[in-house]
Amino acid sequence: MTAMLEVADLGHTYQAKDGAHTAIADLSFTVGAGELVCVVGPSGCGKSTLLRTISGLIRPTKGEISLHGNEVRGVPEDLAVVFQDYSRSLFPWLTVQKNVEFPLRRTLGRSQRRARAAEALEWVGLSDAGRKYPWQLSGGMQQRVAIARALAYRPALLLMDEPFASVDAQTRFELEDLLLKVRTEQDTTVLVVTHDIDESVYLGDRVLVLSTSPASVVADLKVDLPGQRDQITTRESEAFVALRAEVARLLNVGKTSEEVKARRKENEQQAAKWAEAERAEVSRVEAEDRATT
Amino acid sequence: MTAMLEVADLGHTYQAKDGAHTAIADLSFTVGAGELVCVVGPSGCGKSTLLRTISGLIRPTKGEISLHGNEVRGVPEDLAVVFQDYSRSLFPWLTVQKNVEFPLRRTLGRSQRRARAAEALEWVGLSDAGRKYPWQLSGGMQQRVAIARALAYRPALLLMDEPFASVDAQTRFELEDLLLKVRTEQDTTVLVVTHDIDESVYLGDRVLVLSTSPASVVADLKVDLPGQRDQITTRESEAFVALRAEVARLLNVGKTSEEVKARRKENEQQAAKWAEAERAEVSRVEAEDRATT
Amino acid sequence: MINWEEALRVRALTRGLLGVAGFLVVWELFGRSGLVRSEFLPPPSVVAVELVKLLGDEAFLRDVIATVLALLIAVGLSVGIAVPLGLVLGSVASVRHATRAVVEFLRPIPSVAMIPLAIVVLGIGPETKITLAVYAAIWPILFNTIYALDELDPLLVETARAFGTGRARVLVSVALPSALPFVLTGIRLAATTSLVVVVSVELLEGGSGGLGQFIAIARSGSGRMDIVLAGTVVAGVIGYLLNEGLERAQRRWVGWSSVTGGRS
Amino acid sequence: GLLGGAEEKPAETASAGKLEKAKINLGLLPILDVASVHVAIKKGYFKEEGLEVEVKIVQGGAAAIPAVIKGDLDITFGNWVSFITAETNGAAKGVDGLKLINDGYQAKPEMFLILAKSDSAIKSPKDLEGKTIAINTFKNIAELTAKATLEANDVNPDNVTFKEFPFPDMEAAVQNGTVDAAFMVEPFISRAQRASGQITVLDAASGPTDGIPIAGYGTTGKFVKENPNTVAAFQRAMAKGQRDAADRPTVEPLLVEYAKVDKETASLVHFGEFPTTLDATRLQRVADLMRTYKLLENEFDVKTMLVGASGS
Amino acid sequence: MNRFVQRWAVFVGLVVVWELLTLYADDPFFPRPSKIALAAQDLWFSGDVGDLFLTDTVFEHVLPSIGRLLGGWAAAAVIGVSLGVALGRSQKAREYAGPLLTFMRSIPPPLLVPVFLLVFNVGTQMQVATIIFGVLWPIMLNSVDGARSVDATKFDTSAVFRIPKVQWVLGVVLPSAAPKIFAGLRVSLSLSLVLMVVSELVGTDNGIGSQLLVAQRQFDYPDMWAGIVLLGVLGYALNTVLLSFERKALAWQPKQERTPATVEEKS
């Protein structure tokens, strides 16, 4: 397997008026052609930022990204992205069907575009919604439109930012399987950011675990599960359960009870303090009121 | 426990130029004061629509909703909502802190508002982000701001639409516990829409399972778990596992393999057909090209 | 079955008429109150009589047509110039910065002051009033386009670009549609600005006929306020019709925006 | 065409072959002063000369003179002050300067009046000291004659404030006290006297300005050079028109038509003089007045501008 | 700094081209910029040291004009924004008042002068009224647009938290509409310079516009051009002030950080 995507020493710092914020500290990894890599990491650690730099939308402040050995400057060819903020990434003035067709206009004729879009909408279970506008759809449906758009484009590299966050469990399973099927058929390289540990193991050839902000790679786990997966048997397999536990451990989910309890205590103290301050404030204001009248 | 919220024969049909769309067919249920009810249902079945009608933002086309025995017309007092489209519900011109303070201006003085907002931000783990603007935050952080805003408001009735969709597993657990804690302390009535079956069982006193669109109530399950829950022990308990399976069954998640396989086959046939059509189209276009040159 | 859209339109129309009627009543009362002599400010009843007379007057109608034609040409030209220009200035910051000083210098130059210059360059015909109208009408369109681009959701642009959409096409198929509602508002502003300038130039320059010149003659010859106001009413009606047409276009083309916004 | 709102008339080619240009674009203002042109058109004096006159309404010298320079108008009506100012400022130096070819209108008593409200404290010219007077344009014939007559009445014109108002608005401005008095012309004088009972304070065309020339017809040196016969034909036709314009019954109905004056007013207005010759000595008075009140920096001899003048 | 040089290089370049063109054409209507500069100096900057070399003309004509201009524009801004927000948020108000306002919008201000003459005191009051009437519309229409396009989710959010009317208008509608309102304010600001000239057509004895028109009628083209240039400079200066204010008011906008300018490469 040749390396399709290489990320080396990547770092990104956002500039803001009141100081800079380092979102990514130092990331290095490679993704082979046709691989499906899942990225997991705490909220706000820099996953979306990572996808943005790979897609050439922002230039990283440090390090290098190469695709097929060429450094990424500007948006690479044959790339599709499903953004985390799917609802804002749909064009409100286009119908669902036209939204899916949008990126195809450059390369395909009208009838082919239509066919492709209809096919992709069918995949995500939205055949009936093609003529509606995005705002006439529910959140989960909008997200599926964004997925359909990316799939219809048949990219060589597909980046997905929490693509199944807003759909119900059943649909999620179906979409996961759809993704697996499409990538096998089209030999697409896929990078999926997800918060669902089970999903990351179920989908991925590898799982990339990131640290808290600023992000660095905590672990790069190979998922040793059979290529052909199945929602029921795979999830029941021992290897799956073990890997899932491993990812959870790496993400510190195990710490939960201890930490949460500690934090809860802290919060309670804090709250008590605020309440105290509040009471003081109230009585002060009341005193003032009385003084002025 | 007295009934706080009563939904009777509720139905809603969206009007659009090209025909109407019935989002909710017929819903009836009640929520007692202080109860936490989770709503699960397939994507696009009408959950967000339900929350919109309860919060008085849209008037249902059928049936009735009453709060404390009074029919809901317009937005009721003491209500807070975490919208599914959290990123759009934040005011981009206000800092995070000010966003949380915004609804408090009506009732609280400046210092009290500050304290409340700071406290809520602390709860969701965003103490450091108070002075940032929403667009400087990651998706999950924005969602937590929306949660903090609702909690800081200390509503009597709290409606949450997939409030934890964009946060990582660890944070999700923490937020779940936070929600449980807050609602006990403040005796809030809560309605949570979620796609995570485990979550619905872990959080809820009851789980309301909705059918596919247009929504109706499939089941109203009582969650027989101890009031004080814990991420590890509760989730391991037998009752939990049984309930979870029950919800999954009701949502037809069990059907997965059969149905998915059937659909997959269908898709493949469909795809083959499209591919055929495409090939035909391509050769037609090529032929034309040749003819013109 | 009740046709709701039709019913709503009828309601809007009646309300609009009520608003106008209210204004007319106030004007009539004011005109008849004796506070001012009715020769200075004739009440609407008097103006209406004069208006009816004028509508039968062929010379007057020719003047109105002249004004309307000049107006349409001016609006067309200013849209053709200002929208592309706005897209470029709004999206290429360096061009915008480079031209800002020039643009800001040019903008406040009043067409009234340019009339003799325009006559020397363009003559006394319709070219002059059209050019001056275009000059005045460009700015609202240009600025609304630039500002609309500023407000463009960056995520939409990122989406298009991530799918390999070229810069030019991002401009045409993402920036422009997203900006369209506000651009159309700019065009509506520009349309009435054009009308105002065309009539004013006719009024102050003369030479090329038109409603403004008609009014000027009625005024400078004898100060016939009834004719002046009747002409003014016609100008207002032209503006209203043009605006209504554009609003309809706005509703049809950018229906999506009126729904995402202002759900009230 | 439609854009210009003008009627499209097929151009009749004139019979007189020696005219360089048979069709003349003539700039006019919609005021009483140009009644003679309408008389000449009505009576066919231009046609007799083989001329076809296309009237273009312009709104004053500032627009008309550039149009003549540009060549859109062949000849235009304008007041002498504008012509002289334009000439001395070199506005027409690219077209061999401006030439004056016909006298048009000249002041008579009762046609340049400064009016005040009937119950105003201003009764005599002396009372205008320190007051505000409305005039139609700054630095033009109205201001000149007003200053000259004020001075003749021992009022220092520097102590009077002039404000610009269009003639049609003056009556109202005087009535509601916006200005103390207004410098009006016909038909506004008649209307103000009749409807508001405003009273005359000063005749600005009296004493030093008695019979002062007001306006006439001009063109460019280039046009005169290239079309000497046309200009001559125009002068002849206009002279007849001027002559006939003195006849009220001929003029009154025309007023109603071209200036939209109502019949009643038309029968009341005071007309000025319509001189039939272009007289250099007379016109020189305007230039001298301009010099006196600093509208000209140097002495100016109007003779250089005249074409076919008498009395030189 | 870079931008500054860029901007003024283009500007100076154009002035040089203008100088050369007018030198070549030698047309009285288009005097050379250097001649215009001399006229301007003569008009405004040849005064006493005590007056900072400003002539009486500046105090008699320029300053009063600027005062009326700013007053008129500010009043139009207040009226336009409040009317615009009201119309933008109320369909009813829009239906009642819309046609009437469109109608009024189409009336050329010079035609209204006789009416204003009856209603207002001539002079400053009438001129300010003319300016307001002329520049109100871009502000109002853009405010209507801005107020109407408040994002539906934000509307819902405010409704749910029962945000009081005042706070809703000041805290949600205005900020949402602010970019569009500023577009209107900027168009109106330069329009108010135009209207200032128009307003000085009638009933004045002072003002930049009145002087400019006198120069025009006197065929004194260098003076007229000096007036035009003065208007340009004023427009530029006022606009710069407004822009810096706008930049502060819209500081929250994410553009500096995230927008990869629509077509431009982020540098």
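Each chain gets a letter, A, B, C, D and E, in the order it is written, and its residues are counted from 1.
Everything below uses one rule, namely that contacts are C-beta pairs under 8 Å (C-beta built on N, C-alpha and C of every residue); 3 or more make two chains touch, one makes a residue touch a chain.
The UniProt protein names, listed by chain, are A, B = NitT/TauT family transport system ATP-binding protein; C = NitT/TauT family transport system permease protein.
Predicted, not measured: the structure shown is a model, and the values here were computed from it.
Between the contact lists of chain B and chain D, the overlap consists of E. At the far end from chain A, in terms of centres built from Cα atoms, lies D.
The chain pair with more C-beta contacts between its two chains, of B-E and C-E, is C-E.
Rounded to a whole number, the gap between the C-alpha centres of chain C and chain D is 36 angstrom.
In this assembly, the C-alpha centroid of chain A lies 19 Å from the C-alpha centroid of chain B.
Taking each chain's centre as the mean of its C-alpha atoms, chain A lies 81 Å from chain D.
Residue positions 14, 16, 57, 85, 88, 135 of chain A each touch two or more of the other chains.
Counting partner chains per residue, chain E shows two or more touched chains at residues 27, 29, 114, 118, 151-152, 156, 201, 216, 253-254, 257-258, 260. Each of residues 36, 40, 115-117, 120, 158, 161, 174, 203-204, 225, 257, 260 in chain C touches at least two other chains. Listed in rising order, the residues of chain E touching chain C in the complex are 3, 6-11, 14, 27, 29-30, 88-92, 95-100, 102-112, 114-115, 118, 137-138, 141-142, 144-145, 147-152, 155-156, 179-180, 182-183, 186-187, 190-191, 193-194, 197-198, 201, 209, 212-213, 216, 224, 227-228, 231-236, 239-240, 253-255, 258-264. By the touch criterion stated above, chain D contacts chain E in their complex at residues 60-62, 65-66, 82, 85-86, 89-94, 134, 137-140, 161-166, 168-169, 172-173, 176, 178-179, 295.
Of all residues in chain C, only 36-37, 39-40, 62-63, 65-67, 69-70, 73, 115-117, 119-121, 123-126, 203-210, 213, 216-225, 227 touch chain D in the complex they form. In the complex of the two chains, the chain B residues touching chain E come out as 52, 55-57, 75, 77, 79-81, 83, 85, 88-89, 91-94, 102-103, 105-106, 133, 135-136, 153. Those residues of chain B whose C-beta lies close enough to touch chain A in the complex are 14, 16, 18, 21, 40-48, 84-85, 87-88, 109, 111-112, 115-116, 118-119, 122-123, 131-132, 136-141, 144, 161-162, 165-174, 177, 181, 195-197, 230-232, 248, 251-253, 255-257, 260, 263-264, 267, 270-271, 274, 277-278, 281-282, 285.
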